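Before I ask anything, here is the structure I am working with.
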Amino acid sequence: MLSLENITNAVHEWLNATLNPNLALLSEFLIVGVLAIALFAVLGLSLVLMERKVAAFIQIRLGPNRVGPFGMFQTVADTLKLIMKEGLTPDGADKFLFNLAPYIVMIAAMMLLAPIAFAKGFQIWDINIGVLFLTAVSSISVIGILMAGWASNNKYSLLGAMRSGAQIVSYELSAGLSIITIVILTGSLQISDIINAQANGWWIFKGHIPVLISFVIFIIAVTAETNRAPFDLAEAESELTAGFHTEYSGMKFALFFLAEYINIFIACAIGATLFLGGWMPFHIGHWEAFNHIMDFIPSSFWFIGKTFFLIFLMMWFRWTFPRLRIDQLLNLEWKYLLPISLVNLLVVALMAVMGWYF
Amino acid sequence: MFEELGTTAEGDMLINIGPQHPATHGVLHLVMTLNGETIKKTEPHLGYIHRSIEKMCESLTYRQFVYVTSRMDYLSSHINNHGCSLAVEKAMQIEVPERAQVIRVIMDELTRIASHELWWGAMAMDLGAFTPFFYSFRERETITDIMEETCGARLTMNYICPGGVMMDLHPDFQKRVKSFISLFKSKFDEYNELVTGNIIFQNRMKGVGVLSKEDAISYGCTGPTARGSGVSSDIRKLYPYEVYSKVQFDEVLETGGDSFSRYMVRINEMLQSIKIIEQLIDNIPEGEFQAKTKAVLKLPKGEFYQRVETARGELGIYIVSEGGTTPHRIKFRSPGFSNLSALGHMVKGSKIGDLVATMGTLDLVIPDIDR
Amino acid sequence: MNNEELKLKLSEQYPTATFEEGGEWVNMFLEPASFITSALELKNHPDFHFDYLFCLTCVDWKTHLNMVYHLTSTKHRHAMVLKVKLDCNKPEIETVCNIWRTAEFHEREVYELFGVNFLNHPDLRKLLLTDDFVGFPLRKDFEDPINMIRL
Amino acid sequence: MFIIDYIKDIFKGLKSLLTGMRVTGYYFTHHKEIITEQYPDNRATLKMADRFRGEVVMIHDENNEHACTGCSACELACPNGTIKIINKFELNAEGKKKKAIDTFIYHLELCTMCNLCVVACPTDTIKMEPNFEHSVYDRSKLTKVLNRPGSKIKAGVE
């Protein structure tokens, strides 16, 4: 069977055979870079379209349906429009930081791709502290948002950036704590180890209620961390017009927009990896025939399917719930999510020590 | 007014909400003094769409001035027209046929439901939930279709005129209104499931923008804003006009005074309006739809005041006539103007998010405030 | 109280006031000098209890301006109209916005549209018009340079 | 007890959120509830209400005759000065001078579709048509002459 692992291995071997090792590594860098950017473009376009379609169906509308079949090229057309638009820099803005901010947000999102396993053996960098890397790098994007808000010389932007700062810093705690539950159960920070530990069942099934709780907390926390409704206070459009990116236009705005969707993808990919077994197919105990059929579905499909399921869940939240207020948002974190996840962590630790999981 | 907005001497931030802002639903301009996110002072600046309708009316005849009032509170244009027609009829002592009265009341109540539907959707959108807007517009669309069929327009109908109504009902009217009522009833639970019961929504609304009973009276609040604070102010009950004295309905009163009370008043008012329509729709008497009036109306000398209950509160029409074909002075006491004056008091000390929630439940329509 | 009783009671309370016939409610004219004390009394007197100012406006009669206050009571449910004649050239009257707070906005509106000066008003600025607007649009002698209707 | 209330709160909140999601989830899966009207595409089937007020037209019969006597009642009734009637005098069959309309000017750009002119017309000459697609590239195109060229007044209308 043609799997992504074989392709990467073949490319790796061919490059090492034809070029000297340094050049081969360099060209692998290049290939990975190009692939990452291509993935970004495809993901950005498809997620925006997906969001618009999901929103439309929930809101008893049709959504984009004029450009291409089912409006498939709508986002391409939008991107073309945004590229052609003038990128304005407001008077009195800190020009350097203003122009730098979208790239910081974008690069932070891009770096997160490194340790994610897209399919069996298809991973850019299987670093041994993979989960730590993810949590650490994902908090860099707040710097970009703060920078954008401050440099815009706009009060709405500043308020949005401040809200975003408070929000991301606090929600990182419970996101981290719920990730740690899986780390405790697995005993490893490496992504491939975590996935392999789920070969006989995903953590969400194996780990009983405590893991389910930490999964729910994780979903809530990453929704907040990616500034999505109902936690989109940083860009709360009825309060702060557009929050931190009020003053951005053209391609710089598009970068923020794209980074938001990439962040969603990555957050959901992490969720899928940790709780839903990454690329691991769905297996039920000893039903050999069923398990074999499941194995026939390529591992990349499993991964993408799980990730998109989580993305859909986040979109569903967005188009259903009203927005929280800033103090309620922090209340939710400090009074509900944090205590619960701390208690939950204790329970999971006990579980791991006693071996009370399948 | 246009001094450079920066920070105050105390180091508080000054920020403009509006005139172009998603939460103000029009060109309302609020200058806010903020301490962080906490509101210290709110100062409305009005007049961006002031058309001086009162001055315009001084040169329009009594038949013509009715249509202008559709442009004040465009969401309850029927009721505005109704009020003006009633004022003229009161002055000229025109007896309106029973049929016209019933038609007018049905139209008023349909307008009220349509207005509250729009408010519900727009308010949910203010709070960041976009979907309710589309659900509410689906039902509102049915009403506007009914209006379009009978009155010939969807928003500024100019259907009610001095003496009765402009044309007779469309033959399908009763059938369509009944189908609307059953549609509305089947969808109404969704509203509560989606928004009213939602924990986030309740937290956003409860205890926000509190207006005490005394303040509501003192600020001259009317309509759902006053009734949310426990002030009985329904003109339809207190000073019944047309056939409101003959139909059974309750004045919805809540005592909380916060945004959630105002919300519940409006939600329940929709049900009361449905109740009124249900009582009337099968009992539209036969007969003329318009009283015989002269082509040119001349009001006797004197002062006439007519109050009606629009979707937003009490609309007062104060006509000073010198006996000619045009009024000497017309004053429209619009509900939004007084309700807005209470806003600064209500949001003091709360967050920006609360401002949006409070403004949403005040249901401001800017042309109504600016006139 | 119905209109007759109210009128009787009012004329006992305010012997200097004059009354005007016609209209739905009792029309009472007061002198600008005694206006503010009477207004306060109208609100606080238990028999009147006019706590709700539902309309405040002004009418230009060319010779004079008439301030018109429509009052009602949320307790007794009776209503009255309070009127004060003002001099056209120097219209001045005490503010009522510390009695009925709704008056603050309404008085600002009357101030800019009729040019009535409200004494002791906390924040008497233009509300609707631009700061540099000249003239008082709702006065009868105001000619609008651009009048769409008479074009 | 505090802890029980705390947990109850959480479950109540979660339940309310799930109820909301059920409503939106229902619409997401039931595409027949979609109410979008694909406007320019559905032009052929789009039917406006027959009373819809889109613009004022003058009724002409098959002989290119209308019923307008030029009495200016509509002009007076109009609140915006939308209608302007220019009259001329023409000789009728008996050689008498008779008032008739020369041009019936209608400013669509000023019209608010209030229907007062139609109500005011004593001979039911004008009516409202449900045509709503009025966009043009030049504002002057919105000033229309309602009486058709060569049209004349119907016999017997005074």
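The letters A, B, C and D name the chains in turn, as written, and every chain counts its residues from 1.
In this section, a residue touches a chain if its C-beta (ideal position, glycine included) is under 8 Å from a C-beta of that chain, and two chains touch if they have at least 3 such contacts.
Note that the coordinates shown come from a computational prediction; the quantities given were computed from them, not determined experimentally.
**Q** Can you check which chain pair, A-D or B-C, has more C-beta pairs in contact?
**A** B-C
**Q** From the centre of subunit A, which chain's CA centre is farthest?
**A** The chain lying farthest from subunit A is C.
**Q** If you average the CA atoms of subunit A and of subunit D, how many Å lie between those two points?
**A** 51
**Q** In whole angstrom, what separates the CA-based centres of subunit B and subunit D?
**A** The separation of the two C-alpha centroids amounts to 24 Å.
**Q** With chain centres defined as C-alpha means, what is the inter-centre distance between subunit C and subunit D in Å?
**A** Subunit C and subunit D have C-alpha centres separated by 41 Å.
**Q** Listing for subunit A: what residues touch at least two other chains?
**A** 58-61, 319-321
**Q** By residue number and range, which residues of subunit B touch two or more other chains?
**A** In subunit B, 60, 131, 138, 194-195, 198, 200 touch at least two other chains.
**Q** Specify, in ascending order, the residues of subunit D that touch 2 or more different other chains.
**A** If we look for residues of subunit D contacting two or more partner chains, we find 17, 20, 23-24, 35, 79.
**Q** Residue numbers of subunit B touching subunit D in their complex, please.
**A** Residues in contact with subunit D: 60, 63-65, 67-68, 131, 138, 141, 145, 148-153, 156, 158, 161, 166-167, 170, 190, 193-195, 197-200, 202, 295.
**Q** What residues on subunit C touch subunit B, complex-wise?
**A** So the residues of subunit C touching subunit B come out as 22-25, 27, 51-55, 57, 59-60, 68, 70, 74, 77, 81, 100-102, 104-106, 109, 125-131, 137-138, 144, 149-150.
**Q** Show me the residue ranges of subunit A that touch subunit D in the complex, using the header's touch definition.
**A** 54, 57-62, 65, 316-317, 319-321, 336, 340
**Q** Which residues of subunit B touch subunit A once you look at their complex with the stated criterion?
**A** 13, 15, 21-23, 37, 124-131, 133-135, 138, 194-195, 198, 200-201, 203-204, 351-356
**Q** Quick check on the complex: what are the subunit A residues that touch subunit B?
**A** 55, 58-61, 155-156, 159, 163, 229-230, 232-233, 236-241, 319-328
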